[in-house]
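Look at the two complexes coming up: subunit A is in both, with subunit B in one and subunit C in the other.
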Partner chain A sequence: MKHGFLDQYSDRDSIIARLDPRAKFVTTLFFILAVVLTPPDSWLAYALYFALMATMLLLSRVPVFYVFKRSLVIMPFVLLVAIFIPFFKEGEVAGSYNIWLWQVSVTYSGLQVLWNILVKAWLSVLSLILLTSTTKLTQLLKGLEQLRLPKVMVMLLSFMYRYLFVLVDEVMRLKQARDSRNFGGRRLWQIRTIGNMIGTLFIRSYERGERVYAAMVARGFDGRSRTLDRLHFRRADACFAIGLSLVLVFISLFNLFY
Partner chain B sequence: MEEVIWVANLSFWYPDGQRALTDVNLTIYQGETVALIGPNGAGKSTLLLHLNGLLRTNGEVKIFGRPIDDKNLRWTRSRVALVFQNPDDQLFSPTVFDDVAFGPLNMGYSEEEVWQRVKTALGLVGMAGCEKRLPHHLSLGEKKRVAIATVLSMSPEILLIDEPTSNLDPRGKWSLISLLRGLAGTKVVVSHDLELVKALCRRVIVLDQGRVVADGATDDILADKPFLAAHGLAPGEAAEKA
Partner chain C sequence: MATTYAVSAGGVANAVRLANKKLGEKQVPLMGILAAFVFATQMLNFPVAGGTSGHLIGAALVAILLGPWVAVLVMSCVLIAQSLIFQDGGLLALGANIFNMGIIAGFGAYYLYRLTGSLLGDNRRAKVVSGFIAAWGSVFLASIACAIELAVSGVLPIGVVLPAMAGVHALIGIGEGLITVAVLSLVLATRADLLKLQRI
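This part shows the complex of A and B:
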């Protein structure tokens, strides 16, 4: 089975895709930090961040519609967290409504916080989409390892990446086996079947883990992870990282004195 | 001929009390290709796990004359390589390169040496140039080949292979058989595919219910239909009734 939902378009060649994963990872983090720390009323700063991100996305040659669609995926989660803020924030009342027994009011400052959270989340997600759709996950893992992320974490992530696909296939087979035997009937019965499927999947994964470990031990694994240094940090990578960081610093400073 | 694997009176119980092996005795000589056959649950895979020290009892297994113990475990595993049945268990790294390089890296080779070994191993299994591919994008036949490359990169003297052709179509199966035939060294192949056994091995060891029930020339054992039927390796009475 082929699954491309994790790092789709990461095979495409572009200026951004050719950069060292470490440079991209660090600048992405820096970008998110800058966005998150910008005061809510700095419209111009947000516009500049967006312009920066749009330029990068165009340079990366990832389809715009794909990026847009993907960026909307997390919005429901953000909304779920932030939607009540306008109702609870103190301040000048923008509107007041009677809902059954309660009187609720929305404040301007609350709306601004909501808007701000949405914009910050959206910009951050855009930068992460840019990172994952221009970097192969294998490269990103290498980069993280060389940025001294603990080896255990890197191994965890790489196993996750490797076996996610195997597990998706396994779930699909379980579902097909279920559906081909006319799954249906009462709700309680359905829930029980799904529970059993989850249990089966867990046990199978657990046993697979034991077999994988045996396969590692059979090839001399002794708990230490050894890898080759295959990344080369070139001048272009340094230029990109430093340049983009300077732009971000400039936007923050500009904002401060504006 | 030099004895490379020597097993004497090996018995093994799984932790749940289930008996897997009973008084197994066998000797395998340098350069032999031996088939280990038997019905499902006969203990074939369990026996393989003993031969490179993944399962251990007390010194009943000797490799190149040395009993497997804590001190020579690494030495043993660099000489005796085990390829598991399911390539999705064998291939656990994000890329083919990482997987084939895993063994050599654990053995502490230099960077150049590792690169060279990966290249050679992939070439031997007909997968040259596939270093950057992702294991989950390979076909089953390709996965099986890469799984073999992951141990060839350690240049072992003994290859233990569990069910190399299971689930492969005939074309994939025969191309894998010719690949295995071309590999040097001592080989122990677990299978219940008698076509593979006939094509690859001169000697057969039959295991049933944890015991060695036959050990001899392939032609003799595979010709004895009643014996094979009695051990679930050939169509027996059930087939005659049908």
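This part shows the complex of A and C:
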């Protein structure tokens, strides 16, 4: 089966896609940090961040509609966490309502915090979508390894990436089998079925892990993975990383003084 | 934020060190596939009251079967992948997430399982009961840790956030507990040897 939920579009060629994964990862982190540390009332800064992000998304040639749709998937979760803040933040009251027995009031400062969290989360999500839809995961992991992420973690993540698709297929087969046997009934019964499915999946994953290891040893695996493509940090990558960081610093300084 | 990052980095670094020492390269493909397993099980939703649905976190299950340090490593990988690939959970909150769902949930579950297991003895029912308590406790403890972090960072007062988080997650934990029990009893029935693996 074909699954497009991981690094989709990452095999497209563009100026952004050709950059070194290390440069992209570090600037993404820097961008998120800059966005998070910006004070809530500096509208100009947020507009500039958005303009920056939009330019890079256009340069990356990833479909705009896809990016937009993908960025909205996660926002309900942010909203779920942040929605209570306007009711508990103290300050000038914007409106108060009676809900059944409780008297609740919404404050201006609370609404500002809510709005601010949503804008910051959205900008951060956009930057991560840009990163993952212009970088192949194998390349990104290679970059992370050179940025001193422990080797075991890199290996774990690359195995996870390789076998995720196989296990998702397994889950879909289990689901199909379940649905063709009239799944339903009482909630406790459903939980039991799902437990059995997860248990089956665990045993199959474990046995697959043993087989995979045996197959790898048979082919000379000694704990290291060797690949042919090497990463090259070119001048263009340095220019991109330094240039973008300077823009971010400039926006922050501008913010501080005006 | 910086504190949770420091603690998580320390915890993960120690997990990496132990994994390098105690596990050969044999365990690495296995743990990678188990990380994919946790990922894939999170796709299986089960219905909760009122049209919402939940899914397994999985930290307790991995901790019971393979030990707390493996749980920390596997959950860290799952969380890193989630924050990078699905933009779910956030890169800056990664420290806090690994602390709550990896370290607190993994170790909480493991020691609860050991503790109740030693109190109840070594039979099938004891394993199932302590599995439930461990899984429930992992969710509950992680939510308390999260509430304290939110309160310390000044987002919401602790009097509001602690009862809300702990209350909601005490209910969510029941789902996690029931599923973990179902998984454990299936594994016990079909491949009981998997419950006797070396744990780190």
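Simple rule for what comes next: the second predicted complex is superposed on the first by the 236 of 258 C-alpha atoms of A that agree within 3 Å, B and C clash if a C-alpha of one lies under 4 Å from a C-alpha of the other, contacts with A are read in each partner's own complex, and residues count from 1 in each chain.
We take it that contacts are C-beta pairs under 8 Å (C-beta built on N, C-alpha and C of every residue); 3 or more make two chains touch, one makes a residue touch a chain.
Note that the coordinates shown come from a computational prediction; the quantities given were computed from them, not determined experimentally.
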First (subunit B), second (subunit C), both or neither touched by A:15: neither
Which superposed partner A:150 touches (first subunit B, second subunit C, both, neither): second
Subunit A residues touched - subunit C or subunit B, whichever exceeds: C
Which superposed partner A:137 touches (first subunit B, second subunit C, both, neither): both
Which superposed partner A:246 touches (first subunit B, second subunit C, both, neither): neither
Partner chain in contact with A:216 - subunit B first, subunit C second, else both or neither: both
Which superposed partner A:256 touches (first subunit B, second subunit C, both, neither): neither
First, second, both or neither for A:227, with subunit B first and subunit C second: first
Touched partner set for A:75, first subunit B, second subunit C, both or neither: neither
Which of subunit B and subunit C A:190 touches, first, second, both or neither: second
Common interface residues of subunit A - those touching subunit B in one complex and subunit C in the other: 137, 158-159, 161-163, 166, 208, 212, 216, 221-222
Residues on subunit B engaged by subunit A in the complex (per definition of touch): 49, 52, 54, 74, 77-78, 81-82, 84, 86, 88-95, 98, 101-103, 105-107, 111, 114-115, 134-137, 150-151, 154
Interface residues, subunit A side, partner subunit B - complex: 1-3, 137-138, 141, 158-159, 161-163, 165-166, 208, 211-212, 214-222, 226-229
Subunit A-facing residues of subunit C, complex: 12-13, 16, 19-20, 24-26, 28-37, 39-41, 43-44, 46-47, 56, 61, 65, 73-74, 76-78, 80-81, 83-88, 90-92, 155-157, 160, 164, 175, 178-187, 190-191, 194
Residue ranges of subunit A in contact with subunit C within the complex: 5-7, 28-29, 32-33, 36, 70-71, 74, 77, 84-85, 88, 121, 124-125, 128-129, 131-132, 137, 140, 150, 152-153, 155-164, 166-168, 170-171, 175, 187-188, 190-192, 194-203, 205-206, 208-210, 212-213, 216, 221-223
